[in-house]
Each structure stands twice: as structure tokens, then as C-alpha cells.
Amino acid sequence: MTAAVVFGLCGAAAAGLGLYGAIANPRPLRKILAFNLLSSGVFLLFGVIARRGAVSAFSGDPVPQALVITGIVVAAAGTALAVALLLRFFKATGSTTLSAGALASAPADSIDE
Amino acid sequence: MTSDIILDCILAALVLAVGCWVIVVRDSFAAAVGFVAYGLLLTLVWVRLDAIDVALMEGAIGSGLTGALLLRASSRLGAKEQSTAAEQPGVMLRTVAALLSVIVAAMLATAVLYLPDPAPTLAPEAAANASATGMANPVTNVLMAFRAMDTMLEKVVLLVALAGVWSLARDRYWGGRPGPRFRSDPKDPLALLAQTLPPLGIVVGIYMLWEGADAPGGAFQGGTIIAAMWLLAVIAGLTDTPPVSNRRVRLALIAGPLLFLIVGFGGLWLGEAFLAYPVAYAKPLLLVIEFAMTLTVAVTLGLLIVGPPEREGAP
Amino acid sequence: MISVADIFTVIAVSAGAFFFMAGSVGLLRFPDTLTRLHALTKADNLGLGLVVLGLMPRAGGLLAALKLASVWLLVLFTGAAVSQLIARAARDGDQDDE
Amino acid sequence: MAEFLQFASGFVSAMVVLGMVRIVRGPTRADRMMAAQLLGTGGIAALLLRSDITDTPSVIDVALVLALLAAFASVAFVVKGAREASGEPEASE
């Protein structure tokens, strides 16, 4: 049992948790949160692969580490876009529901433009 | 060391416990606070995995920028959002979702347990070629030189995301200033914080960029810190967001990828390949690109977090 | 062979750990938000300060020691400002979640 | 010495975990935020100890970043608490 294995299993479980939250929680903001959990789990798996690739001079394989760094930034950008969409949707409809039935009953004039 | 493994197990269990709580807790604000804590714990995990560059990134983004973004979103949505909780999917769907998640997690866990041994690694190649760039930080080398194409395209992805955010503006606010105008109150401790912290933060950000050549750090970490400091000044009302049609803002947005492209085509022109750096000038060239990248990352992330234009720009 | 510096480190770090314990217990046991905030600021400032103080002689050189000190000063300053802000938010009617 | 610092780092982490119960219990948002703040400070202490144990000075930089940005999330909460919630208009238009 090494640190790599422990955190690898942790990453796998975090990815599973995130997947469950993204499907099962009806609230969009919570879906975004869950999605971030999912991506963090995947990043951890990359980290584990990097850690296992350690050779004498380096503490890890730098390629997966670099991929994770770009990944974290892209995940943050995706989160920002999703939150902006959600806030705009909330402003337009006054609700955050994603269910088609509830949206149809929203007053039409509240959707501007 | 056995005590290290015990600490690792505890840390992993803690990460999962906070993760579970973030998923199941009813209140969205509480979930967002949980996410900040989750980001902090992940930072510790990355340190334990000896990936200091990633730990810096996770610390700056996970518990900093994204955490703040989600906290603000949850308070802007307010109580209205709770009512959506009534649409809890049925037991059937939840069971299927749980089953699916368990299967995915189990498959990933199996993959972790049966990773090939010895592990494939590109570290020796990265070490062998480090002299070509003159920089000692292998991660910076990968980001800026060996996989420069990825990094450049990643910046383009950020720009597309920003275009997506801007496109949510109402027609009449197009090109205007994003976000609300926060009022400044000189007696507020927040104003003091926002006056004192950003100068320090910008120094730390530039230090990150500078250190990034030889030690953990780099353009992404530095840019993120600078973005956070700018956002702090905006929230405290000390400065306003610029109109997104501002030419200088747009120039800062494309500075990183543009410089990458110029250098890239320069490499092609000089006869080697796209993005091939002439070895004699590799280090100065990379430093210039990194500087432009820091600027671009800072401006892009900052504008992504403040959201679409909500007001008309100043005449 | 135990040097004076080592003894200093042990004492300071132990004291720091003690303040972290005090802060956590206070955060858990104190009856209302503002008293809990009081407990928290103790841990923030003294706990970390003592840990930093203990580690400073072991840091490799003046620059590293200064960096340690600057981490503490940063936490001290932001902690003070943020505690003020949290206290204000709590006073101005903070809604319960449950 | 390394053993002592290791123990201290474990102890500080354990205490912070104890404090994290407040994130779960609440009841007010300020309480949750405070617990997150404590976690940040404890995490910084653990990182500094870790940096000493493993002799990796760059870990101090991680602590520095946490020290800078931990306040940032709290501020995002406070701005909501102090301004938007108290009925003040967000925008000055």
C-alpha cells in the first residue's frame, strides 16, 4: 500500500460520488458542484499516474502533472460558464428548475428579449 | 514510513467524507462551503503526491476562485433555489444513478490497482531534454515547451468559454461592464483588506511566475493569484470592471496565445517546426511567453468569474 | 544530542498545537456564533504564530525564515479583517440554514 | 525531531478535523465559514510542518498561496452577508 494507491482509490471514489451527484441532484448548482467533484477525482487519477512515474531526479512524471494543471484551469473556466448560464437563466425565468413542465408554466413575459 | 501511510489514509477518508457531504447536504450554501474545504484538502493531497505545481494550482483555484464563484452563485440564487429540491428524482432513478456511479468507481479503482508495473513514464525524456530550454522545473518545461501546443490551445478554450459568458449579456449591455458595481465603504475592514492584500498578492503572483522557471510555480499559478487580487479590489468597490469592449482588455486576453502563435510560426519560418524554439534563445523567449501568459490567464479568469456584462460601459 | 534550538522548536510547536486544540474545542463547544469567532481567532493567530516561530530556527537561512514569517503575518492580517467581516455579517442577521 | 514534527502535524490536522464538525453542524452561515477558515489556517500549519519534515521549501509557497486565497472565499461570503442580504442594492445605477 503506497500513497499512490490510497489516493488513487480516493480519486476513483470521488469520481463516482461526483457522477452520482450530477445525475441524482435536481438543482443545477449542485450538479455543477458534483461535476467539479467528478473532475477532481479524474485529476487525482492523473496525479497517481504521475506519482508512479517518479524517477530518481523527479518526484513524478511531469507530463500528467502539466495536463492536470491545464485541466484544473479548464474545469474552472467551464464552471464559470455554467454558473453564468445558470444565473442568467435564473434572472430570465425566476427559477432554477430544469424540469420541462415547470419551465412551461413560468410567466412568458418574464423571459426578456 | 507507516505513519505516513496512516496519515494518507486519514486524509483520503476526509476528502471522501467532505465530498459525500457536499453531494448530500440540503443547503446549497453549505455545499459551497464544503467545496472550499474540499479544495483545501485536495491541496494537501497534491502535496502528499509530491506534485507541488498542481498543489499551488488547486489551492489557488479550488478553494480560491471556484470556491468564491460557487459561494456567490449560491447566495445570488438564494432561497428560490431550495424549492427546486422538491423535484428530487424517484427512488428508481436514484438507485440506477448510485449503481452506475458504483460501477464507474469500481472500474476506476480496479484500473488503479492493476496499473502496469513498472509504470510508464516520460520523466527521463523530460530530464534529458531540460537543457534545451534552460529551465529546471520539469512541469514548466512540459507546459511551455514540450507540449506547448496543448497549452496554447487551452488558452483558446478559455477564450471560447469567455465568449460564451459574454454572449449571455442582454443586447443593450453588450460591450458593457460585467458584474454589479460594488460600493466602497472606507470604514469597512473589507476596504482595508482590498487595499493591502492586492499589492502583496501581485508580488506573490510575479514571484510564482519567476520561480516557475526552476521551482514549482509558473504562469498559471501566478495568473490565478493576480486574478483573485483584482477580484478582491472589485468586490470591495475600489475599482470597477472595465467594459468588455475595451481594446486594452481584448489585447490582454489574446496576448498569450498571440505570442505563442507568433513564436510558433517563427519556428516554422526558421525551418524547424511549428513552435520549435531556437535553442540559443529558448529561455528568454519562454520567459516572454510566460509573462504574456500570466497576463492572459489573470485577465481571462478574472473576467470569467465576474460574469457577463450587466451594465452599460462608461461613455 | 539535543540542542537549545531543538528544545525551542519543541516548546513553540507544542504550544502552537495546543492553541489549535483550544480553537477547535472552542469552535465546537462555545454557545453562539460570536464567542465561537473569538475562539477561532485565537487558533488562527497564536497557533500558527507559535508553529512558525518554532520552525523559523530550522528554516534554511534568513530568506526562508522571512518567508515563514510572512505567511504568518499574511494570515494574521487577513484573519483579523475577515473575522471582523464575519462578525459584522453575523450581527446583521445571519440566516440559519435549517 | 522529525518524529516530533510529524506528530505535531498529525495533531494539528486532527484538531482541525474536529473543528470541521462546525461546517457540518452550522447552524449559521457564519459558523460554517469560520470552520472553513480554521481548516485553512490548520492546513497552512500542517503544510509548514510538512515542508520542514520532508525538507521541501517549495511547500511553503503552497502555504503562502493558501494564506492569500483563503481570505478570498470568505470575502465572497461576507459581501453577500453584509450588502446584498441587508437589502442594499447591489448596483449603484
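Chains: A, B, C and D, in written order; residue numbering restarts at 1 for each.
Following the convention adopted for this analysis, contacts are C-beta pairs under 8 Å (C-beta built on N, C-alpha and C of every residue); 3 or more make two chains touch, one makes a residue touch a chain.
Since we're looking at a predicted model, the values are computed, not measured.
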Excluding chain B, groups that stay connected where the other chains sit: A | C, D
{"item": "Pair exhibiting more inter-chain C-beta contacts, C-D or A-B", "value": "A-B"}
{"item": "Euclidean distance of C-alpha centroids - chain A vs chain B, Å", "value": "13"}
{"item": "Distance between the centres, which are taken as Cα means, of chain C and chain A, whole angstrom", "value": "32"}
{"item": "Chain B and chain D, separation of their C-alpha mean positions in angstrom", "value": "19"}
{"item": "Multi-chain contact residues (two or more partners), chain C", "value": "74, 78, 81-82, 85, 88, 97-98"}
{"item": "Multi-chain contact residues (two or more partners), chain B", "value": "29-30, 65, 69, 76, 188, 190, 193, 197, 200"}
{"item": "Junction residues of chain D - those touching two or more other chains", "value": "26, 29, 33, 35, 64, 68, 70-71, 75, 77-78, 82, 85"}
{"item": "Which chain pairs touch, all of them", "value": "A-B, B-C, B-D, C-D"}
{"item": "Chain A to chain B touching residues, read off their complex", "value": "1-21, 23-30, 32-34, 36-37, 40-41, 43-45, 47-55, 57-63, 65-70, 72-81, 83-88, 90, 94-99, 102, 112-113"}
{"item": "Interface residues, chain B side, partner chain C - complex", "value": "26-27, 29-30, 188-190, 192-193, 196-197, 200"}
{"item": "Contact footprint of chain D on chain C as seen in their complex", "value": "6, 9-10, 13-14, 16-17, 20-21, 23-25, 27-28, 33, 36-37, 40, 43-44, 47-48, 51-52, 55, 58-60, 64, 67-68, 70-71, 74-75, 78-79, 81-82, 85-90, 92-98"}
{"item": "Parts of chain D lying in touch with chain C, wherever the complex brings them together", "value": "1, 4-5, 8, 11-12, 15-16, 18-19, 21-22, 26-31, 33-35, 37-38, 41-42, 44-45, 48-49, 52, 57, 60, 63-64, 67-68, 70-71, 74-75, 77-78, 81-82, 85-86"}
{"item": "Partner chain D, residues of chain B touching it in the complex", "value": "3, 7, 10-11, 14, 18, 21, 25, 29-30, 33-34, 36-37, 40-41, 43-44, 47, 52, 55-56, 59-60, 63-65, 67-69, 71-72, 75-76, 180-183, 188, 190, 193, 197, 200-201, 204, 208, 211, 215-217, 221, 225, 228-229, 231-232, 235-236, 310-311"}
